[in-house]
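By written order: A, B, C, D, E and F. Residues from 1 in each chain.
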Amino acid sequence: MKKVVGFGDFLLRLNPEGYLRFSQADRMMTYYTGAEANVCVSLSTMGVKTEFVTRVPDNDIARAGLMQLRKYGVDVEHVVFGGERLGLFYVEKGASQRPSKVIYDRKYTSIATAKPADFCWDVLLQDAGWLHITGITPALGEHLPEICLEAMRTAREQGVAVSCDLNYRKKLWTSQQAGSVMGEILKYVDVLVANEEDCAKVLGICAPDTDVEAGKLSREGYISVARQVCQRFPNLRAVAITLRGSISASDNDWAAMLYTQGEAHFSRQYHVHIVDRVGGGDSFAAGLIYAMGHGFDAQRSIEFAAAASCLKHSMEQDYNLATVEEVLTLMDGDGSGRVQR
Amino acid sequence: MKKVVGFGDFLLRLNPEGYLRFSQADRMMTYYTGAEANVCVSLSTMGVKTEFVTRVPDNDIARAGLMQLRKYGVDVEHVVFGGERLGLFYVEKGASQRPSKVIYDRKYTSIATAKPADFCWDVLLQDAGWLHITGITPALGEHLPEICLEAMRTAREQGVAVSCDLNYRKKLWTSQQAGSVMGEILKYVDVLVANEEDCAKVLGICAPDTDVEAGKLSREGYISVARQVCQRFPNLRAVAITLRGSISASDNDWAAMLYTQGEAHFSRQYHVHIVDRVGGGDSFAAGLIYAMGHGFDAQRSIEFAAAASCLKHSMEQDYNLATVEEVLTLMDGDGSGRVQR
Amino acid sequence: MKKVVGFGDFLLRLNPEGYLRFSQADRMMTYYTGAEANVCVSLSTMGVKTEFVTRVPDNDIARAGLMQLRKYGVDVEHVVFGGERLGLFYVEKGASQRPSKVIYDRKYTSIATAKPADFCWDVLLQDAGWLHITGITPALGEHLPEICLEAMRTAREQGVAVSCDLNYRKKLWTSQQAGSVMGEILKYVDVLVANEEDCAKVLGICAPDTDVEAGKLSREGYISVARQVCQRFPNLRAVAITLRGSISASDNDWAAMLYTQGEAHFSRQYHVHIVDRVGGGDSFAAGLIYAMGHGFDAQRSIEFAAAASCLKHSMEQDYNLATVEEVLTLMDGDGSGRVQR
Amino acid sequence: MKKVVGFGDFLLRLNPEGYLRFSQADRMMTYYTGAEANVCVSLSTMGVKTEFVTRVPDNDIARAGLMQLRKYGVDVEHVVFGGERLGLFYVEKGASQRPSKVIYDRKYTSIATAKPADFCWDVLLQDAGWLHITGITPALGEHLPEICLEAMRTAREQGVAVSCDLNYRKKLWTSQQAGSVMGEILKYVDVLVANEEDCAKVLGICAPDTDVEAGKLSREGYISVARQVCQRFPNLRAVAITLRGSISASDNDWAAMLYTQGEAHFSRQYHVHIVDRVGGGDSFAAGLIYAMGHGFDAQRSIEFAAAASCLKHSMEQDYNLATVEEVLTLMDGDGSGRVQR
Amino acid sequence: MKKVVGFGDFLLRLNPEGYLRFSQADRMMTYYTGAEANVCVSLSTMGVKTEFVTRVPDNDIARAGLMQLRKYGVDVEHVVFGGERLGLFYVEKGASQRPSKVIYDRKYTSIATAKPADFCWDVLLQDAGWLHITGITPALGEHLPEICLEAMRTAREQGVAVSCDLNYRKKLWTSQQAGSVMGEILKYVDVLVANEEDCAKVLGICAPDTDVEAGKLSREGYISVARQVCQRFPNLRAVAITLRGSISASDNDWAAMLYTQGEAHFSRQYHVHIVDRVGGGDSFAAGLIYAMGHGFDAQRSIEFAAAASCLKHSMEQDYNLATVEEVLTLMDGDGSGRVQR
Amino acid sequence: MKKVVGFGDFLLRLNPEGYLRFSQADRMMTYYTGAEANVCVSLSTMGVKTEFVTRVPDNDIARAGLMQLRKYGVDVEHVVFGGERLGLFYVEKGASQRPSKVIYDRKYTSIATAKPADFCWDVLLQDAGWLHITGITPALGEHLPEICLEAMRTAREQGVAVSCDLNYRKKLWTSQQAGSVMGEILKYVDVLVANEEDCAKVLGICAPDTDVEAGKLSREGYISVARQVCQRFPNLRAVAITLRGSISASDNDWAAMLYTQGEAHFSRQYHVHIVDRVGGGDSFAAGLIYAMGHGFDAQRSIEFAAAASCLKHSMEQDYNLATVEEVLTLMDGDGSGRVQR
């Protein structure tokens, strides 16, 4: 498939080793991530040409981050240098009944202060076949909604498919703000990804009899939500919803549904013993883009995306480093985890 | 609530990284702990003023230990310097069917050779509202029973509540010795904490049809034990018993019972996937002291204590670094371990 | 029991810390292992005198490896120095649905280029009571089948018992090659160890209605396989088959069967939460050798071997560092993993 | 001596292990520092009562930082919570001809957005005998000059001695801005600390024939600078200038001069083999405050300050953890570094 | 300047942490290096477009290595997959009087078994302006001399400049073999780099009165050697010789000479306190290529190359991660290693 | 040469990583050492058969320590199990002007409470050719002088050579006690090793005009001391004195003198850049035993011992892991630390 372009935030992730709490740590692991960057890394690992677009300060920390993307095969040629700081976030990994904790420090960053003139979308999307953003990007700064819309309009003009992961972050904006901006953006989207809460919080679309917090949406509930979303945004080719069952911080159930052409397709459900769940949603989006970009049918598409993100949960960091072969082995196999010699 | 004073042993804890056995390790993690110190740290993390009293040698290792307590907000102003050594213990963390292993080296320590004149309880308990010791402290050295009793008598005189965790350690003394000394000490105790085996080993109080080793005490059995204890020590306001179901070194069931005013209150049961279970009992005692010191009713008290110690199992080290908010979220919520952003 | 001699490959094992993938690691843990060396270490830890025979290059890395064996009590006095390189393999530890990955780099090694004249079996087996090899050893190089057969003939002459773990490795040779060579070797073997696939791949012996990949062999199937093997090789005193149920890379069921004197004995089944499963089979062989070498009856022998290898899964590295006492405690106890203070 | 209060920035320091460059690191050491906080830690380690005043966001990272100060005995009771972020900086440790590199990310922090009303200096200086700030603090944000001046006026009113380390940071403000603000602040200062460049850049005071960059100021030059400073600010009781001779990033010469009552006193010069030089100036200020606060004469004061900061260079982190005894041993001894058993 | 292509070996480097000896280490740092790969990384860090050509096995370890090159900006698009193994070497870092130790395991590797047909030099050199190899490459395997010569002939045809670092390795071939092969190769070389011993061992060219081992070649001796080399290979545009003065494993003197157009130019001499000296020669070659490729005059070229490699000695790993700005700062400055804030 | 037996203390050594102070460390490196054990490890590394005799508690920590000795080839077959604890000590590594700090916790250990009946010297010295102890051993406990004397008398009876390192430790006993006990022991000693202070403190033997603290003993002074010692103990075959010049905690001068048959032989002097100097004296004793045991002449003996201990300073831990070849290379070479490929 043609190049996939991701556009969004880029942050330094800091987390204590193992299960130490912040106050116990005298060192932290350092990675460079971001929702759309993660999607690019996953796709690149699957052999797809990708490019990540963002804006970072002109210093060695930002450059180290770009190097890491380049390592995993993501092109960063058109990253814009400027602004004052790279965002960052701290992750304290949870276990058992103790939830993971994330502290963001992503204001006043180079991307948050970006201006429309920083990005020349005609050029950026030149060889692209697919553009991916998440609901985080337009929430980052004053000009970001405008920049995102310009990107999407250019994509439509150039025949570039667009996917969007709703990814609502309540610390970045309110439901109202998100609903208003995303309502515009979604008009340009072909494939929408959302988790259980996003549709309710951003679009105000719920299923009857839903208790989102408890993750107790029924099969019918998910289908109902997807149908409503497609009705409101008829441009959507497909809506994918991830279904996380949080048993504890160490164990989750994980499955997903793809709603397309009026039909709902549910993936197999996985019981995952979690190594690191940050980036789980991004790996799902990447898997879905891969599958749809390679012409998988709907059922295989959702199985591929679910299996890809299932594997992500077994890896440290935000990146999904699963190859296509590994994903296919899982989705077509028994997930028994036998040693591969 | 007023200041809680803990009095007891203070040791360097050494453990290999991860699941390495002693012979495989070329470095060990170093923490400074002790049953009552752990209680102080947990309470301090919950916002309670605490002070820890012990006796340590005048060297940089002991000082590093006191600094660690100070870091977590525990006052160590009245720690006595003297004697020759800081005790220590080695922990080899178990997994699955392999049990954790603990090797103690706690003889001839500064606390073990303490004399009554080392501690001026009038001063030490001046601003205190609560005194906590465990059954380990009087077992440490020749003069410790006397010192503990003096502490407790002073507490009674000054209206300071007293809690005691039976904590029987067969390597420190025999059942007979423990029974004789603890029988005296318990006369001054308001709140007693015990695990499944302590009451049988120290007080000779069992339920009918009990197989303690197998942890197969029935609900009725626990109530019977608590009732007998309260009959023998009518000064006891409450008896709390922790109920650990050891599935393996990696997975435990965990619950607790509070017996007070002739009624038994059982907490919800948690299935914990263990990060480090050392300090589990101490975190329970701290949770109980917090709840009772803040006037929680019996049911919420035992729920709070059980939830607090449930969270402890998800943390490295002996300390429970759960905040009041985290404990309440667990006891009032679903323990699903969702990421907190 | 008398000295056990192991003969086989010796490799440097490299694996990233924790659950990092190869591309994420900037350091790797280094151990020195090998199927037969692992058996020696386990037996040595159980108090049995052992010696390991191999051929390694004359350099500091090989010497560091031998030092590690010596640390665990394995005699390496007769290791032959020569050749050009020590083999190595890389292990990426899997988790949940992601399988562990092993990359071998074991060609052209000192052992692979060994010649019959390198080993004087009369001397090597002088004080030995037992010789152990695996199906890996004859597959390593041109002269290895011959060397192995010479070892076994000498063993028979000197009244040394011989055990063999079939251990088929498809990257080293084909089923045909393995079948032909192992068919000769097995004529000298007293105790045969195999896992689910080995008998089918090497000896072409299957049970009716078997799906080896899925690990769905029935009890009857295992018995049938063992019976057929014993019929073909009447010299076999006993055939042991390990039964691994791969739930995921993190969780396995584990049990084993011993077939001897026409009777099948099944061990208890363990649910293991895996720390590191490499070396699981070797620890089973060691447990079995210990039990049979100490005259345990058939049922206790298979229980001992299964419990020993169950414990291995809870340890890092390939070595089983469980003592006899620890194994007995597990096989006679409840596996509840209570802390040992 | 009475309590010393420090007021200023508080940052998370991140640095790769050892001599790795930023792009090579996948983890960083994490400490919490700040010029005035470092002074407090050093004084506290020397047994002086200290308190650190700053403004930090209400999150677990900031709290972990305050815990670290508390560990080293610094009171943080009056730290103000508010604002959005904790500042941070990245340090890449240099060696030989490669200089250390520092990247700051300290804008928009809680302290930078502080308002005068956040600090009630009457209360904050109640039990204090000494107030210490650096030239970094007034440069941090819009209201900081005003806040600093208010602190100093209150100090003068309450008879609290004031020390100031010029500490010019060209990334925070221009020479002009610094000169104007510091010119006001210095009117309230009793003891001034400066390094070779500060006086020239901030106060425009140079010695004749100076090449500051090359560190080639003559003895007479230093005296001339100090004399001029004292003439402009007659309130100054003493001016101390540190004399660093940068041989390489691994080796420095280090000495200092104290100018007081019209006389210049030079310390002995040390050749230091550097472990970590960040915090060197702060440790000098702390040593000087200790010496002057304890009534040392001028020569012993500058010897003490120079020896204290010499020792700092042999320690990791920004903190000087040298005790008074260690400093005296060095200044009165031969610095031969014999093992202390 | 146009793209620089490097061709040669690619190996996994393993070294214990810090100064541990091999037998003390239970983990090793892992990097992926090679003489020509190092040159590419250094040039890429300086902003030059580079590509590295080699042959590696098709496995995750080799791919992790290529990812690391890609991270540092080196194009690896035309790396050939095939063969059985990636070479590796173990480094034990020396200190003071204890020399570093290197153990190679680089036989039978994918590059050693490469065939001429694996590399299509017309394509590989298409956009290149410079080709760099070392004397290691033709020594690696049977067909490597032929492959190298083909590369060089193609380079000459396409007007690509060629540099070669003699880099004699006595474990790979004899002086005779090296002399014969390199004698052919040097006919195509424009710029030759050599250290003190190479010219004597490979070309049999010595200065009168030389004691190479002791590094006591005089200025005149170096000039004499360079002159003789240029006389034998009149195609050489320039000969550069590095001058290492080994004081100890921790301290070296370092300088270099460039002989071109009949004139010798000596760089300034640096006293380096060593962090890691492996890769020192490669960083010199990279610096020289950069300088000559950018039209620096002879004196500035040799100063640039010497300063670049001086900085390399202050970095961990084989790579020189110095930027052009850093090199210029050193060569034009005083090397005093002041902190860069 | 025949087996060398060492007898003495055996301790766990704990030290923070790198140059961290005790209060900064959350993990410590763990090794198992002891003066005589170190001598055995060094000799074993040089190919000499060695056995170490001590008494340790019957627990996994002690066993891990013995495993480590076994790893380095030291026989521990006759180590006695009993008593309560393994001694330990904490090392904080110094740098530059900051001295290393050692905190001992070696009282009440298994060796300190040993009784004469624990050691059957007839058996222990059966195949031995040499017995080595230090002045630490008799200072450890009540019965140790007696045990040592019995060992030495047995040695004399069986024709076993005896060496002793005076090694005065003021924390273990007074000069008077040491003088009295060592005066007896030295009557049985053939080779005496001492550092600059030992002779004065233990034997009261000084040179005229000596300032021991400053290490300013003249050549003549050293000779005078050795001569006096030999006069008092005519049984001494040789007296070796190490000459450490402490420039700083990072840099030392190191040389030694051997006085034998009325002649003094001085070794070459080394300037050592220190990695870890603990164990420096032990490595010297080992080098001397090796040289004298292999019949080196006096000059080569002292050169060998000095070179061996010079190399020790470049290694982490207490052990000298230098081979005979490495020592000879240094003593016969230039110590330039060139890489050994």
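Convention: a residue touches a chain if its C-beta (ideal position, glycine included) is under 8 Å from a C-beta of that chain, and two chains touch if they have at least 3 such contacts.
Remember, predicted model here, so these are calculated numbers, not experimental data.
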Could you find the chain whose CA centre sits the greatest distance from that of subunit F? A
Is the contact between subunit E and subunit F built from the same residue numbers on each copy (over half shared) or from different ones (under half shared)? different
Which whole number of Å gives the spacing of the CA centres of subunit C and subunit F? 43
Find every residue in subunit F that makes contact with two or more other chains and list them. 18, 21, 23-24, 26, 67, 71-72, 101
What residues of subunit C sit close enough to touch subunit B in their complex? 18, 71-72, 270-275, 307, 310-311, 313-317, 321-322, 326, 330, 334-341
In the complex, go through subunit C and note every residue touching subunit A. 18-21, 23-24, 94-102, 104, 169, 171, 214-215, 246-251, 277-278
Of subunit F, residues touching subunit C in the complex: 67-68, 70-73
Would you mind writing out the residues of subunit D in touch with subunit A in their complex? 14, 17, 21-23, 25-31, 59-61, 63-64, 67, 84-86, 88, 90, 92, 101, 103, 105, 107-108
